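Presented sequentially are two complexes of subunit A, the first with subunit B as partner and the second with subunit C.
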Partner chain A sequence: MLGLQILIDGFAISALYGLGAIGFTLLFGVSGVLNLAHGGILLVSAVVAWLLADQVGAYGGAAAGLLAGMAMAFATFLLVVRPIQRSPAIPSEEKEIFVLTGTLLWGIMIQEAVAYFTTTSPHTVRPLIAGVTVLGGVRTPTNEILTAVLCWTAIGLLWLLVNRTRAGKALLAASINPRGLTLLGFELQRIYLLVWAIYGVLAGTAGVLLGAFLGVSSENAGTLTASAFSIVVLGGLGSVAGSLLAAYAVGYLETITAYLISPSLRTVPSLLLLVVVVYLRPQGLLGRR
Partner chain B sequence: MRGLLRSRLFWAAVLVLAVAAVLPLGVSGYVLGLLTLAYYFGVFAMAWDLLFGFAGEVNFGPTFLVGLGAYGAGILNSETGLPIPVCVLFGAALAVAGGLLLAVPALRLSGPYFGLTTLVAVLLLQQMVTVFAKYSGGEIGLTIPDVLSISDITNYYIALGFMAISGLVLFGLSRSALGLILQACGQDPVEAQALGFNVAKHKLAAFCVSALFSGLAGAMLVFYLGTASPGTVIDIAVGVQVIIAAVLGGRRTILGAAVGAAVLIVAGEVLRPLGQLSTFIVSAVALLAILLMPSGLLGVLMRQRS
Partner chain C sequence: MPMRRLLPALAFAFGLPSVASAADPIRIGVIAENSAISGIAIPNAAAVAAEEINAHGGVDGRMIEIVAYDDHNSAVDAVRAFQRAANQDKVHAVIATYTSEVALALEPWAGRLKIPTITPGAASDEIAKRIHGDYDHLKYFFHGYLPSAFLAQSVCDAAKDLLTDSKLKMKTAVIMSEDAAWTTPLDAGYMACLPKVGLQVLDHIRVAPDTTDFTPIYNGIEGKKPDVIVTGISHVGVQPTVQWANQQVPIPMFGISSQATSSTFWKDTNGATEGVVLQLVAVDTVASTPKTMPFAAAYIKKYGVTPAYSGYGAYDDVFLIADAVRRAGGTDPDKMVAALEATDYQGTVGRLQFFGKDAPFTHAIKYGTDYVSGLVVQWQDGKQVAVWPPAVATGTLRFPSFVKVAN
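Our next item is the complex of A and B:
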């Protein structure tokens, strides 16, 4: 009974972690950007969904949250990342640290703005579906099942997009050899815009679902970034499959610890796993060097 | 040493220090307290800049080293009551030991992976403080029986002196042959190795020096504040501030980091009447500064002169 409960809860939370992390890893793989405002973007989409759910219903709110996630992703790219990438005053080997610092500051700005307008107390987005379903004797909120289904739908669509469409193949090529791609006549800037758009959709969806499943507060933004970051590192920077694997490892480790040992130690085993993997296999579970 | 005496930056720094030294005659205890904090913070940022600006390694966990120094000193003092200097040295030694433990395996990694390992170290240390709450005071913080001094002015001079000495050592180091080798290792490790320098050894040395000063500053800060809590010495937000201070002041200048720290702390305090929005404005200004003048405050000043 407890085993089944861990299995179900762990599956849903891991799917959500996976969705939250693949946008982050895709962005790094294709454009080499580690977006430390990630948590802030998730936060904005959750808070917008929460605010608007009262006026336009749960579905309207969720759609608005998704749009807000996309808008924030574009704002991050156009206001912070692209000016740094194009700045002639920053030597190219230091672009990375400037992007990191810039997105970090941007994330703090987002977090503070959200705190100013909606306070730091936690908000829970109204679930898309109310009610409880009994799965093999375990009472599970229907919304939890919907979360897992939606996460996997989004992941499946991403897989189709990357592997079955022309634009997706260009993305894949950009992650392998950007210079070769420009030689073939592709505009890298367009590919970057595309990857930020995909990232926006993924982050927006993840933010809304997270807000409905666990609830968010403006103080969580940093923690959200950190957990997406650790999952991505565990799986291997830039590897989508690795991130999914890592999301499941972390999700189940946390759920098992919370149920069987103590909820207060929830994150310790996954951090230890992360340290061990980073020491023994620095490229992550499925990463390339 | 002769190069040091001839550099304009050195004399400018001496001038600033002289002004800082006569400050207690004219300003209130509140301002002194603020500056005392800013000086310790300046040491964190300078130690970080040695590692980033010169060795080219991004350490996302400056607060891992600071926190080890702070908690090492604080716990020793509250458990055994040993005198402050012993505790401070113990804290610094602990920071160096922890730094070595972190750096030896981590320096085999390159680029973002090194940064990630240091980030994880901070998260782990924070968890450890919570898990061993019996000794560390947990989230609420550790109260320390001894303090450096109860006089604002004495505390101010201790912090100023400490920052001046740390700044001198770090700045001198960065202008020495070792600093040049470090810079070479950071910019092109393959070539540096081809020239016969042991890259790993030099980076490790830089990490130890950085850890030493971070740990010392952390330990002194604890005895100035009289408490240690994860929110003031370990939290990632504190580490982020250290990084912002160093980049804002001008990376690869050492002294710029201290300027950035002072600007950041004073700006945060001046904007305090705005309440919650103050952090927003400080971050926005720092972001604009990074976008518009990436070489930092000191970098811009130096370029105008030359």
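Our next item is the complex of A and C:
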């Protein structure tokens, strides 16, 4: 019974971690950007979905949250990342660190703005489906099942996009050899816009689902970024499959710890795992480099 | 024209304040966390009180001026704000924080800088115990809210009437409280008084304040099969409540849930707080004293939400300070402390008196039916319905269908 409970809860939370992390890793793989405003974008999506659910219902709120995630992704790209990448005043070898700092500060600005307008109290997005389903004797909120299904649907759609469409293949190519891609006549800027759009959808979906599953507060923004970052490092920077694997490793380790040891020690074993992996296999579980 | 007569004329011409004009205002520093429900209620409520006092001519002709500081719930920021308030902004008194850790950090500073200070929302027993232990240095600090030991007693008193002696006939409880300074004495109080009212404590769980997933915690509690979960939560609130409802945990929640004291909690939890039972010191729908409802109405009119529990305290504290200044004949800190110690004032939460130097809870407000006794409400259909004590109850306990209780 407890085993099944851990299996179900761990699966849902891992799916959510995976969805949150693959956008982050994709963005790095394709455009070389480590977006430290990631948690802030998840936060805005969740808060918009929460705020609007009263006026337009749970589904309308979720759609608005998704759009807000996309809008924030584009804002991050157009207001923060691209100006730094294009600035002649910043030496090209320092651009990565400037993007890192820029997105970090942007994330803090988002976090403070959300705290200012909606307080630091956590907000929970209204569940898309209310009620509970009993799975093999384990009472599970139906929305938790829906969360896992939606996460895997989004992940599946991403897989189809990358492997089965021309635009997706261009993304893949950009992550392997951007120079070769430009020689073939592809415009890198358009590919960057595409990857930020995909990132926005993934982050928006993850934010809304996270808001409904566990709730978010402006104080979580940093933790969310750190959690995506550590999952991505564990899995191998830029590797989507690695991120999914790492998400499940972290999700289940946390769940097992919370149930069998203590909820307050939840994150400790997964952080230890991260230390071990970085020490023994610095490229991550499935990293290429 | 002699210089003596020229100066006031010049001052008038340039709009400078004349030296002998109306008396200096009484400046009250308000230090709180502006981005939290229980924090923002403090400056908001203090502003309502100041407006009322000033509209009636102030204190002996002196207006009340509120100087507000955001401490971001950080002891360091709060101490810095306190120093600035005392040294630069020259406040005469301070009203500060709903967080015990912050209040304990400010306590010695009130003594060092000799600024009479009242906390309207922190609860740790330590606040008053430290004053008792080092009265000469710490006597400038007053605990304007019930210490945790009294809060626990209030919850147990209500539990006796509502849970064990009622038709619910409950016998067992699990305590679930957040890991913080204020809950250490609260839990000790619960452990002592719950068995006395007939609730055997099966387990005692302290929740890390950064917990986001409460599923394993509820799972563990359900395994113990208690009749009720007795809560002590303040900095966490939304997540345990929402997950309790979403996961349909079949055990009622009863106790202290500070965030749930404000009407914004309904929206914050999307109504998941339906059925949650909580202790508080005042609520907008119950006339605990003749002042409770008019204040709540003024607050709602100004801010659109009901005051969190700390708002009632902050509002009363401004009046306590004004009253002390009046009786002390000015703002001399030692005279104000003596005047505050002699406080006997009917506030929004009850009759306010502070324990004296020799009582174990020095400078804490007195608990009891003749003083501040608190009440218990239950969230029902978006409203906080008073269910205890019987004298003020407007409804009876009614739980959501997923909660299993004897009927």
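Brief remarks on what is shown
Assume the second predicted complex is superposed on the first by the 289 of 289 C-alpha atoms of A that agree within 3 Å, B and C clash if a C-alpha of one lies under 4 Å from a C-alpha of the other, contacts with A are read in each partner's own complex, and residues count from 1 in each chain.
Going forward, contacts are C-beta pairs under 8 Å (C-beta built on N, C-alpha and C of every residue); 3 or more make two chains touch, one makes a residue touch a chain.
This is a predicted model, so every value here is computed, not measured.
Once the two complexes are overlaid on the shared chain, A:96 sits against subunit B while remaining clear of subunit C.
Once the two complexes are laid over each other on the shared chain, residue contacts for A:9 go to subunit C alone; subunit B is not touched.
In the superposed model, A:106 lies in contact with subunit B only, and not with subunit C. Touch criterion met: A:259 reaches subunit C, while subunit B stays clear of it.
With both structures placed on the common chain, the touch criterion links A:39 to neither subunit B nor subunit C.
Of the two partner chains placed by the overlay, only subunit B lies in contact with A:282; subunit C stays clear of it. Contacts of A:214 after superposition on the shared chain: subunit C is touched, whereas subunit B is not.
When the shared chain is aligned, subunit B and subunit C each come close enough to touch A:116. Touched by subunit B in one complex and by subunit C in the other are residues 115-116, 264 of subunit A. Taken together, the subunit A residues at the contact with subunit C in this complex read 2, 5, 9, 13, 50, 53-54, 115-116, 119-127, 130-132, 139, 141, 143, 214-215, 217-218, 220, 223, 255, 258-259, 263-264, 266. Considering their complex, residues 33, 35-37, 40, 73, 179, 206-208, 210-217, 219-220, 237-239, 242-243, 246-248, 259, 264, 267-270, 272, 402 of subunit C touch subunit A. Those residues of subunit B lying in contact with subunit A across their complex are 52, 58, 105, 108-109, 111-113, 115-117, 119-121, 123-124, 127, 130-131, 187, 236-237, 240, 243-244, 247, 251, 276-277, 279-280, 283-284, 286-287, 290-291, 293-295. Residues 34, 80, 83-84, 87, 89-90, 93-94, 96-98, 100-102, 104-106, 108-109, 112-113, 115-116, 222, 226, 229-230, 233, 237, 264-265, 267-268, 271-272, 274-275, 278-279, 282-283 of subunit A are the ones touching subunit B in the complex.
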